[in-house]
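Look for subunit A in each of the two complexes below; its partner is subunit B in the first and subunit C in the second.
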Partner chain A sequence: MSRHEPFSVARTEELVAQHLHLEGPLLPILHAVQEVFGFVPEAAVPVVASGLNVSRADVHGVVTFYEDFHQKPDGEHVVKICRAEACQSMGGEELAAHAERCLGVSFGQTSADGQVTLEKVFCLGLCATAPAAMVNGDLRGRLSRAGVEAIAREVGR
Partner chain B sequence: MSVRLYLPRDAAALACGADKVAKALAAAAPGVPLIRNGSRGMLWLEPLLEVEYHGVRYGFGPVSAADVAGLVSAGILEDPAEVSHPLAIGIVAQHPFMAAQQRLTFARCGVIDPLSLDDYIEHGGYKGLERAMKLAPADIVAEVTKSGLRGRGGAGFPTGIKWKTVLDAEASQKYIVCNADEGDSGTFADRMIIEGDPFQLIEGMTIAGIAVGATRGYVYIRSEYPHAIATLTEAIHKARRLGFLGPKVYGSAHAFELEVRAGAGAYVCGEETALLESIEGKRGVVRAKPPLPAHKGLFGKPTIINNVLSLTAVPHIMAAGAEYYANYGMGRSRGTMPIQIAGNVKHGGLFEVAFGITLGELVEKIGGGTASGRPVRAVQIGGPLGAYFPPALFDTPFDYEAFTAKGGLIGHGGIVVFDDTVDMAKMARFAFDFCSIESCGKCTPCRIGSTRGKETIDRIVAGIDVEANIALVEDLSQTMKLGSLCALGGFTPYPVLSALTHFPEDFRRTAPAVAAE
Partner chain C sequence: MSLVPETDFGTKAVHSDKTVTVTIDGQRIAVPEGTSIMRAAMELGTKIPKLCATDTLDAFGSCRLCLVEIEGRAGTPASCTTPCAPNMVVHTQTPRLKQLRNGVMELYISDHPLDCLTCAANGDCELQEMAGAVGLREVRYGQDGANHVSARTGGCDNHHYKAKDTSNPYFTYDPAKCIVCNRCVRACQEVQGTFALTISGRGFESRVSPGMDEPFMESECVSCGACVQACPTATLTEKKVIEIGQPEHSVVTTCAYCGVGCTFKAEMRGQELVRMVPWKDGKANRGHSCVKGRFAWGYSTHRDRILKPMIREKITDPWREVSWDEALLRVANEFRRIQGQYGKKAVGGITSSRCTNEEVWLVQKLIRAGFGTNNVDTCARVCHSPTGYGLATAYGTSAGTQDFDSIDQADVIVIIGANPTDGHPVVGSKLKRRIREGARLIVIDPRRIDIVETPHVKADYHLALQPGTNVAILTSMAHVIVTEGLANEAFIAERCDIEEYREWAAFVSDMRYSPETISPLTGVPARLIRDAARLYATGGNAAIYYGLGVTEHSQGSTTVMAIANLAMATGNIGRPGVGVNPLRGQNNVQGSCDMGSFPHELPGYRHISNDAVRKSFEDAWATTLDSEPGLRIPNMLDAAVEGSFKAIYIQGEDILQSDPDQTHVAAGLAAMECVVVQDLFLNETANYAHVFLPGSTFLEKDGTFTNAERRIQRVRKVMEPKNGKADWEVTQALARTFGLDWNYAHPSEIMEEVAALTPSFAGVTYEKLDAVGSVQWPCNEEHPEGSPIMHVDRFVRGKGHFVLTEYIPTEERTGPRFPLLLTTGRILSQYNVGAQTRRTENVLWHQEDMLEIHPHDAEQRGVKDGDWVKIQSRAGEIALRAEITDRVAPGVVYTTFHHPLTRANVVTTDFSDWATNCPEYKVTAVQVSPSNGPLQNQLEYEAFSRESRRIAPAAE
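Showing the complex of A and B:
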């Protein structure tokens, strides 16, 4: 029941073509590829490279540099918890540990059943309503232990 | 006796349930107009519901969806002035947190509908561009120079001088780039102004374009800010449709096009040259300077790269005049600074005020002390690369030079408050850890120094050769300060050394390990 399309060369070429008019189109293309397929498949790299007339190494280098782009699909649900200073000052680290327990997955990991990916994030700009998190793109502020438990239920844990 | 409701669409309000409140309002007060404004910046009161009655806005907050029915039956839709309710805060503009500010950049934020150009213009928008259009490019630049505006991203470089360099450069194409990669913890002013008053940024960039002869602009917004990206993208479409962007800006001979670019989760892209690399579609690796971006910037062309707060100050400077702006402030820090009070603080939010206010006033008086009710032990000013100050330094005025003199920096104006449960050795370790995670890897002091620093702090905390290892951290910090290419490696020593200086006891907690491995 993925909300993403299966990888296809033709669809990748189409995404490249849609962005060719931009100056410096690589990041917008990679964002689009990830949006459509849910990740940046290895097989997309040569397609993007040839579309832009750059080397595969160039594209691979960019994909691996940026935290946002991943080479494997995320879980069905993505939970991001802020680990930066403002959230730490409000007990964010204890909450982060609690989230690992409640979700049954460590930071940077996807659960074995593919249900949940837990990621750390450095700052969501919600520093005066800390601790903060993002659940499938939805923002959460003033997160409490109960709030973390509610997130766990929301993502089927 | 008709009323109008305002409820923020700001990300912080959304994170605290504003959309659910909006839904409850639609059900409990059908037909009453509801405007989704930006945030006023009193973030502890978000979601802050405002009821406009006879032109005056009364506030209620923080409102949850469950409070809505009670508020409506208490009479907020009939006469909000007379409502006595535990969430009532009275007239919003007269709230002590608002009344104590000098809002120039944030004057409209939270007041208007962010995506209404009519609202923007009605509240003084595009007055700055109008005046700029009547001036010669060099005179616009001179005005910005005279205002004393300095780069609000953190470096504090005089904005006018940067503009002059680009103005004087000869090139077939020049660019205006806005740095909205606001990655510092404790800062959210860029996000708030983009979500709450996006046309002001568009106007500021347009003025910059006209001033230096640049016809294209980019706003690089971090991907962690999806709402800001959506709001600004929509505002740009509107501005273009109505002739405020495009081949003939405002019916003039000037062309200016603007595009939003999303970052991809790399903190280092907040560094200006890494940001330019990123827009160009490369790894966000820092460039060696010179050449300066003003000479060879985006795609090798002369480029103004300014922070959101620098560019959003420009319309005001142009509209009210350089002297008006420069009259605020102290010493060489002129104008106002949108200060962000965050972390473990009772009244966290956006507080725009002239330079010169003391740190203690901001934390204790405006911020109301800690949210936990415990004593304040440390505040970090200027993000992950800023120093930790103890209350003993609370008499420091908010001013670029005054902070430098005390071994700190004001950076992007974010203050993160910590109570007495904070372990400063842990925070120093985090500074190194953060640097090692976010380093672009180009220069050795940052790439390797950060990891060695983290390991050395671990040894200190474990009680191994404490004094020798502290000396090592201090020495390493000097190397990183002097030898790093950019502020990431160069400023990581600020939090580390300030923690060591002001909180030495936290590094000497363990009795010396006699038989440690």
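Showing the complex of A and C:
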């Protein structure tokens, strides 16, 4: 059972209306849309655009600019592994390759069964405990090969 | 001949009272405060390398090529985003800058195809030019790294690569050549105001994206071409340039579509037109254009063009190609015979608002001096004749009061019965820009036209009135202004007839014009009327823009005067940012009116009964003129049906399709014994013609057009007339056949005659137009450089004249049989009767006329989107497809008249403006019901139309 609602125009309009009073409401609206639907569906873009009286292109430019807005649904579990410099210097690249093998999915992809999405992230602010990762929103530090395997088991792999 | 040079200063001109002096590469220059270093350098002739900067757009600072060094400042700031500061010392070329620029260019070129020799932009590519300017000699990164250039890279599909988008009929988008300078995106936003483009992704993934990474044709793009013009590479390129190659010379000329009067550089290769590029120095369009002007000129070489004169005995005969002499002699003989048999006044003519001033002048001269009758009229009869009458009555001139640049100083913009983003797109873009800058917007229109709500623009008030209630709304706004004490008493006391004002104030103050009384009549909430009136009166500079939704009513002239009253009562006249601005429909409708096309007026709006004026023409033309006004178009048609009007000479006008109550027009034409049509194509009117004289396009002749701001601009010949004669030469040849001794060798000689006989044109010469580009009439001794703004210190007529504008509902009313109101208009991609635009790729946007109907009305009638529906009025019935939309209010339906087979004007009635006979196109009571397809009358017309266009094979 998905923790997200199926997309609907009416719900999107509601989300737009809820944030319209804010200064610069576009980002909060997109966050809300992603929160509710699990991603930013293409069909939501014209609705948001019309609600803010901007063009589809305006909204699309913002959605595609930010890595954290997803245009496709994520898997049930989201694993993000830091690929930035500090983690790289602590063996992060090798762990990243290991994670791809253990999870059976490449970076930026969601597994065919929809179970897991693997993403790269550039700095989680845990440089002191590199290499770092994030699993379904929980931070993990001092990641090892065994740690990666544990994550794989945790997400059903 | 060569290409017309245009300097790109890199950033926009700045207006400031203060100047600052800087030294650039050892040269000192004083520039207005706020001017960029880049622009100041270019003023000195110093080109700083640049890619993302161009002077039609705001500085962006992304390409990193225009870096400079400034003494006393650290780093290498971008010269486009750095303003000049007092006594700055700038160096634009240093070893350090050379190295930086080289490094940047290397990166650009490492991700750009090296196919310069076969590239469409070869010779017109700023990237190529910059590579040369910075002295790029090698690219250390090679071409094999990550790139957007190759479909496959390293043996795999390259996911960065995107194929060329050829969906737009006029230009292509090739992402492989894009350097992501953002110029197209900014042009779409800043210049056109459509916001159809963005940059999707970020970093190396950044790509120009129409809509949501859609093909151009599926995005919000309106194909104005501003992006193509802004692109420094071959990424966005005209298909014609790809097909033909680079132009070798260009000529500045004026667009022959709407009344905005955009000027273009017609870029040519020999006699072949390669592309039209809006001219930055054009004072009407300032370097912008719409899809029609820039791209839709293919009709000029369309195979449907008729290039030889043709005659036939009866309209059921096929056409027969003949020599010019034979065709012209036929006209002269027939007109003489008819005048002998039925009297002098049995003939007449119609001048063309698409032809030049000089051509219009000749046609009216031929009719008055050659035929000896004042039976001359023009298509302004059916569009802006109420503007002429109304503004002349109130202020003393038959024209708009401002130039388009005045928009830049407006604080409140009122749009009444006009759809500028569709009908006058370049003005629409200018209005939208001003609104984005903070001007307030009031729209008075039955439809929710685009400008009511479009990205980054929203009307403060939209008064969606019932068609036909303009006078009620405007008089009610006057009621609010007067009764709430918002009138500008000082202005009125100084500039207007105070007694008349008092009488008018009492009239509008009557409770029958209170918003509360008027509201139920118009369907507009009283609150909205009050708020709109208050904003107009108190919001600063308030300017009114209006169109045919004002004039094409039985109270058209009254509405124009109601508008004039509002502007006078609030003092919104006589300075920049205010005024009353009719958006004229056709390219030269202002000019055709100025040139004496009306049956009661000689050129310059002087009544035919004025003996002194008439004598000046009689002396110049060595003839006597009739002192009685002649017939208007509808009167000519009535007289034809009655049997007293027998022959007509129609230049460049398709009355059968464009005039109301088509059945009546057809009956009138059918009753005539000699109908002469001069046109590019066998238009609908030509179905009833006996003589066809081939016309020439605006590309094939010299002359002038006068736009909606009274601006007289040159039309310049760029190719020989395909039919052998420019239209003025045809009229001259015809006049000579009538025995008139006309010997104009060039249109400039006609303009000399215009200037000599017309006081408001006295100072107009081709030399002046060539020297200054354009002038706005009046241009005479008092105003040698023309008059951008009229009525500055006093009204032309003396005191401003307040007219009582009693609201009298039209006779055309809804009832049980005809419960809906039909109103007609047009759309962006098509122009007027569509004779030109239907013969271009613009049909991809609009293949047929559709009936807009509100979901509520559609549901009641069981009509679904795309269904065929029958629309019936008292005058007739037609069928077309329905488009269900809440753009129209319940009770109102809307259609266009661009396609002849729709026959939209079978439905419109013969009601017309009380003062000028301008037809009431905008209000027809109708019923709408489901239909299976086109009606019998439409099918019959199609067959008749096909039949009457037959041309007999040439005799051996």
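The working rule: the second predicted complex is superposed on the first by the 157 of 157 C-alpha atoms of A that agree within 3 Å, B and C clash if a C-alpha of one lies under 4 Å from a C-alpha of the other, contacts with A are read in each partner's own complex, and residues count from 1 in each chain.
The rule is simple: a contact is a pair of C-beta atoms (placed from the backbone, for glycine too) under 8 Å apart; a residue touches a chain by one contact, two chains touch by 3 or more.
Small disclaimer: the values here were computed from a predicted structure and weren't measured.
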After superposition on the shared chain, which partner residues are touched by A:F65: those of subunit B (first), subunit C (second), both, or neither? both
When both complexes are superposed, which of subunit B and subunit C contacts more residues belonging to subunit A? B
Contacts of A:S55 with subunit B and subunit C, given as first, second, both or neither: second
Considering only the touch criterion stated at the top, classify A:A86 as touching first (subunit B), second (subunit C), both, or neither. first
Once the shared chain is lined up, is A:E42 touching subunit B (first), subunit C (second), both, or neither of them? second
For A:L30 in the superposed arrangement: first (subunit B), second (subunit C), both or neither? first
Figure out whether A:G137 sits in contact with subunit B (first) or subunit C (second), or with both, or with neither. first
Quick one: is A:C127 in contact with subunit B, with subunit C, with both, or with neither? Answer first, second, both or neither. first
I'd like to check the shared interface: which positions of subunit A are touched by both subunit B and subunit C across the two complexes? 58, 61, 65
Interface residues, subunit A side, partner subunit C - complex: 42, 45, 49, 53-58, 60-61, 64-65
Residue numbers of subunit B touching subunit A in their complex, please. 11-12, 14-16, 43-44, 46, 182-188, 191, 216, 223-226, 259, 261-267, 278-285, 299, 340-345, 348-349, 371, 380, 384, 414, 416-419, 422, 427, 430, 434, 437-438
Using the touch definition from the top, list the residues of subunit A that touch subunit B in their complex. 22-28, 30-31, 52, 58, 61-62, 65-69, 82, 84-90, 121-130, 132, 134, 137, 139-142
Subunit A partner, complex, touching residues on subunit C are 194-202, 205, 209-213, 219-220, 453-458
